[in-house]
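Note that subunit A is present in both complexes that follow, paired respectively with subunit B and with subunit C.
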Partner chain A sequence: MALDPGIIFIGDLVAIFSVYLIINLSLNLEFGFGGVPNFGKVLAVAGGAFVMGTIPFMVFGMLVDYGALEPVDDNIMLVHQINAYIEAHPESVLGVFAITLIVAVAVGGLLGLASAYPAIRLRGDYLAITLLGFGEIIRIIGINHTSLVGGTLGISVPDMLAFVPNEYRFLTASFVLLAFAGVIYLLVARFTKSPVGRLLRATRDDDLALQTLGRDPVKIKFKVMMLAGMLGAVGGVMYASYVEGVVAFGYDRLNWTFLPFVMIIVGGMANNKGVLVGTFLFVAIRKLVIYYNDSLDGLLPFDIIWLDYLALGGLMILVLIFRPHGIIPERPQKTESLEKG
Partner chain B sequence: MTIILFDGLIYASVLAVLCVGLSLTYKITSVPNFAHTSFAILGMYMALIMAKVLDVSVYLALPVAFAASGALALFMYYGIIRILQKKKSSLISLIIATLAFDMFMIGVLNIIADGIRNTYQVNSRDFTLRSLDIVIGGDGGLPLVFVVTLVLLAGLALGLYCLLYRTSFGMSLRGAIENESLAQTLGINTRTIFCFAWFLSGGLAGMAGVLMSMWFQGDPSLAAIMLPSIFAGSIVGGFSSVYGAILGGVLVGLSEVVGTSILIDLLGYWVIPYRPVIPFIAMIVTLLVLPGGLIQLITKYQKRKNMTMKKAEEEKEDRREEEDGVGA
Partner chain C sequence: MNLLTVSELRKSFGGLHALDGATLDLHPNKINLLIGANGSGKSTLINTVSGLWAPNGGRVTLRGKDITGLPPHRIFEHGIMRTFQIPKHFAGLSLMENMLMAHPEPGESFRKALVPLQWKSYEASQTKKALGILESLELLPLRDKLSFEISGGQIKLLELGKTLMADTEIIMLDEPIAGVNPTLAHKIFKKIKEILKGGVTFLIIEHRLDIALHYADYVFVMGDGRVVAHDLPDRILDNKEVQESYLGK
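The block that comes next holds the complex of A and B.
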């Protein structure tokens, strides 16, 4: 049964929105609240996606007899075989996906720690440069280390929802992603409202004052980088499982570092509701642009993709100049004692 | 072997010229400019347009690229950085603005590349102008671009020294960098000086781009590929020192080319795509071991030398005083 194009549009919108919401919440945690300019956000996202491209094959390897098939070389056949197994044993997905998520969280945390380590004690600009470098390196490794995620050709991953009947498969995926994103949103919102959230803002605003109160800003920054890395990796797993594949070329600076920055700055930094608004706005706009892309094709003497770069770059500059606090600006947090006066 | 020598020296010199511009603008504006490579790519396309579309000598592209990329840098400084600084934006916002400008320029440069291909049927991606270059002494001789690149780097080092330390303009420039408001109270027009420095930085990058496309390849994607190398060069050198940048750029450039060729011999051809990892490691090691860069090492050594000289003099004086005291 073919799905209605309108439903496909909305389902895809919800799924991509959920993926970006997870990633943007993590970026907001480290950048908006913690003040760590992670220009290598793509590192954690790609790390999570690469885990999704490797770990399920290993775990299913214990359940299914692969024979002589290799995850990368005989990718399509193997994925087909695993999908058939998932259809027969839906309960296996829970375990495999849980293991994948745990590994991804561990990898994301480690990547956050490792990428912050060289420069976290130095000034913000050095940190920014190092993190940007890390983001470029992971793409080079992904593209060239073929046995990891298939190199330039990429790799297909098992469909975790293969047991759902075909006509519901697509919408179920969107729903599951939205549920994950919703839970993470609530957790992050609670986290940032707690005293830890205030601690993070204090690290961002005045680390000297923080030191006089006996806190170590470097330690706090490490912790928030790890936490954000973990969440970013979860986002990567979600995206890779949604598109049922990992292509290293796709994990570039525009889509997974710059776009999240645009989204949270336009929405409003250090403000989870702002992230919600910014993420929805941009995912919807981009979706519409892609939807109407074909009608523009051929009218212009160049590839339409480049307009995306022009628009996002130009818009970011304009927002920074004219509305640096975003659509929903950060509000001072009211504590109980403050409310009592 | 000679190919590696040419490759290494040309790449290292081009990198050093780019590092100088990056460090110069960083020193003035204290913003690491992530759009610096896009000035170089603009230069590359100026070279392509001059050589393939207008059919004139590719060396004419050097002044054209200098002017075009310089103007672009000036626009970036005046239209974005200056405005944000006036609005008291944070350093991170400024960095994001340079990243955004880089994204914008990726779009613009790719549109230029597509436009050249579609209008003039000229290959505008992964192009090289090496065959158009003049080779001194016939086949197997010295390519002119090699000479020009080395001369440019040497001239830059010498010219900057003369400009900064031998002219009153240079003195104003150094003063404006050290303390902008103090320089203003002395009647120095800091705005003109900063504009000049940004123009110079962009123009140099444009020339580097022209030279790059005459030996290696030119492509818009190089902006993202070369960015880590340039930052690595500047940081290895010490980031806020122009001479450190020359040193760091040459070192990183040579280690990239020569290091890769050594690793190919040792490990095999699969290492080639991992070349960008080398400058990255150089940068990380520098930040961990010597965050101030090579120039810190040199100034430390000089300081120590001055200190020991001062100490020796002081001791001498003390002794003399003692002797005088004894004498009285």
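The block that comes next holds the complex of A and C.
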């Protein structure tokens, strides 16, 4: 049974929205709240995706007899074999996916730490440019180190939902992603409502003043970059498992650094609801433009492929002119909410 | 044992010796006023003692313990708080949040953040304390305003409120009444006198001697990076060294 194009549209919208929501929440933590302009957001995302491209093969290797098959060289055949195993043993997915997520979180945290270490004592532009450099490194490693995720060709990864009947498979994936994103949203919202949220905003506003009030901003920035790295890596795992593959070329700074920045700036920084709105708006506009590409072709005085960049860029400029603090601006916590014991 | 002792403190910027062997001994539980002409090294002294800048020589001791050159957050942990000549506040935070930032809280731990049980009651008691302080400073109605929305005089009051929240033993104020009208200036110093009763010790830099000398318990005078004189406030202006440092020889 073929799925209705409308269902595919909505399912894909939900899935991509969920992936970006996770990544944008993590960027908002470090940039919107903590003031660390992480122009290397792609680092953690790609780190998570690469974990998804390697760890499941290792773990399934303990359950399935691969014979002479290699994850990268005999990728398609091996994935096929693993998917067949998943169909027969759906319960194995829970363990494998959990292990993959745990490794991804660890890798994301380490990448956050590694990029923070040389960068954190820098300020403003220098910090941003150093982090940008870190983001570039991982893609280059992924492309050139073929045994990691297949180099320029990329690899397919096992379908964690291979046990779901074909006609429900697609929507189940969207639903699972949305559930993950929802849980992460609630956790992040709870986290930023605590005194840590205030601490991070204070670090962003004036780290010198903060230092004279007994806190160590360097330590705080380390922690927030590690945490954001962990969440970013979860986003990477989610995306790679949704598209069932990892291609290092895909982890570029446009899609996984600049677009997240645009989404949180438009939605409203240091405000999780703003991130929600900005992410939804952007993903929806992008999908709509791509969906209606064909019907608009010829009506516009320029090539249709530029339409989504133009639309998104235009929207960002409009928001910056008319609502410079985003659609839902940052709001300090009201005293009443602090008072409740 | 002496509370805070600064001995032979040196700080140079290239060839400029901003501190050239400054020595002073704070009088505990008193308002210690630090005066001197522009460029005599008053702010440099506070910046160096509070850990903002590492000294090139000399020692700072707190109750005999060497705290020379520690980073600012460690100095704060030792019980020394400072304010800045141009008030530093968290512009994106409300007044109340600024107040709460003046003292570290258990809820600021990344690990405890998701478990409100571990910090809610502390946060509530700190909030109550802050409300009381804001009320006494007549800032209560502004508590949910962002700190960049209030006036310069109110910012000065907020700084004072933060010192009360911080609850440190020693408070160093860099020009607490600069740019403030005389009525408010007196109010600020009266408030400082009140805080003094809590057992704290003040080191205050101030240029407006007409007002500040009135409230000071003891006065240190700086000139050319050294403490050139110290005396009781009613005698200090007769000191020849002081006159020279302000007016030249």
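Here is the rule we use: the second predicted complex is superposed on the first by the 304 of 341 C-alpha atoms of A that agree within 3 Å, B and C clash if a C-alpha of one lies under 4 Å from a C-alpha of the other, contacts with A are read in each partner's own complex, and residues count from 1 in each chain.
Quick note on the criterion: a contact is a pair of C-beta atoms (placed from the backbone, for glycine too) under 8 Å apart; a residue touches a chain by one contact, two chains touch by 3 or more.
Note that the structure is predicted; figures quoted are calculated from it, not measured.
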Partner chain(s) touched by A:61 [first = subunit B, second = subunit C, both, neither]: neither
First, second, both or neither for A:333, with subunit B first and subunit C second: second
First, second, both or neither for A:270, with subunit B first and subunit C second: second
Contacts of A:198 with subunit B and subunit C, given as first, second, both or neither: second
Touching partner for A:227 - first (subunit B), second (subunit C), both, neither: second
Of subunit B and subunit C, the chain that contacts the larger number of subunit A residues: B
First, second, both or neither for A:213, with subunit B first and subunit C second: second
Touched partner set for A:187, first subunit B, second subunit C, both or neither: second
Overlap of subunit C and subunit B interfaces on subunit A (superposed complexes): none
Complex contact set, residues of subunit A against subunit B: 31, 35, 37, 39, 118-119, 122, 124-126, 128-130, 132-133, 136-137, 140-141, 143-144, 253-254, 258, 261-262, 265, 301-303, 305-310, 312-314, 316-317, 320-321, 324
Residue numbers on subunit B that touch subunit A, as the complex places them: 30-32, 34, 80, 83-84, 87, 89, 91-93, 95-97, 99-108, 110-111, 114-115, 118-119, 224, 227-228, 231-232, 235, 270, 273-274, 276-277, 280, 283-284, 287-288, 291
Touch list for subunit C against partner subunit A, complex: 50, 52, 71-73, 75-77, 81-82, 84, 88-94, 96-97, 100-105, 107-110, 112-114, 116, 119-121, 123-125, 127-128, 131, 143-144, 146, 162, 166
Subunit A residues within the subunit C interface of the complex: 187, 190-191, 194-196, 198-199, 201-202, 204-206, 208-216, 223, 227, 270, 330, 332-335, 338-341
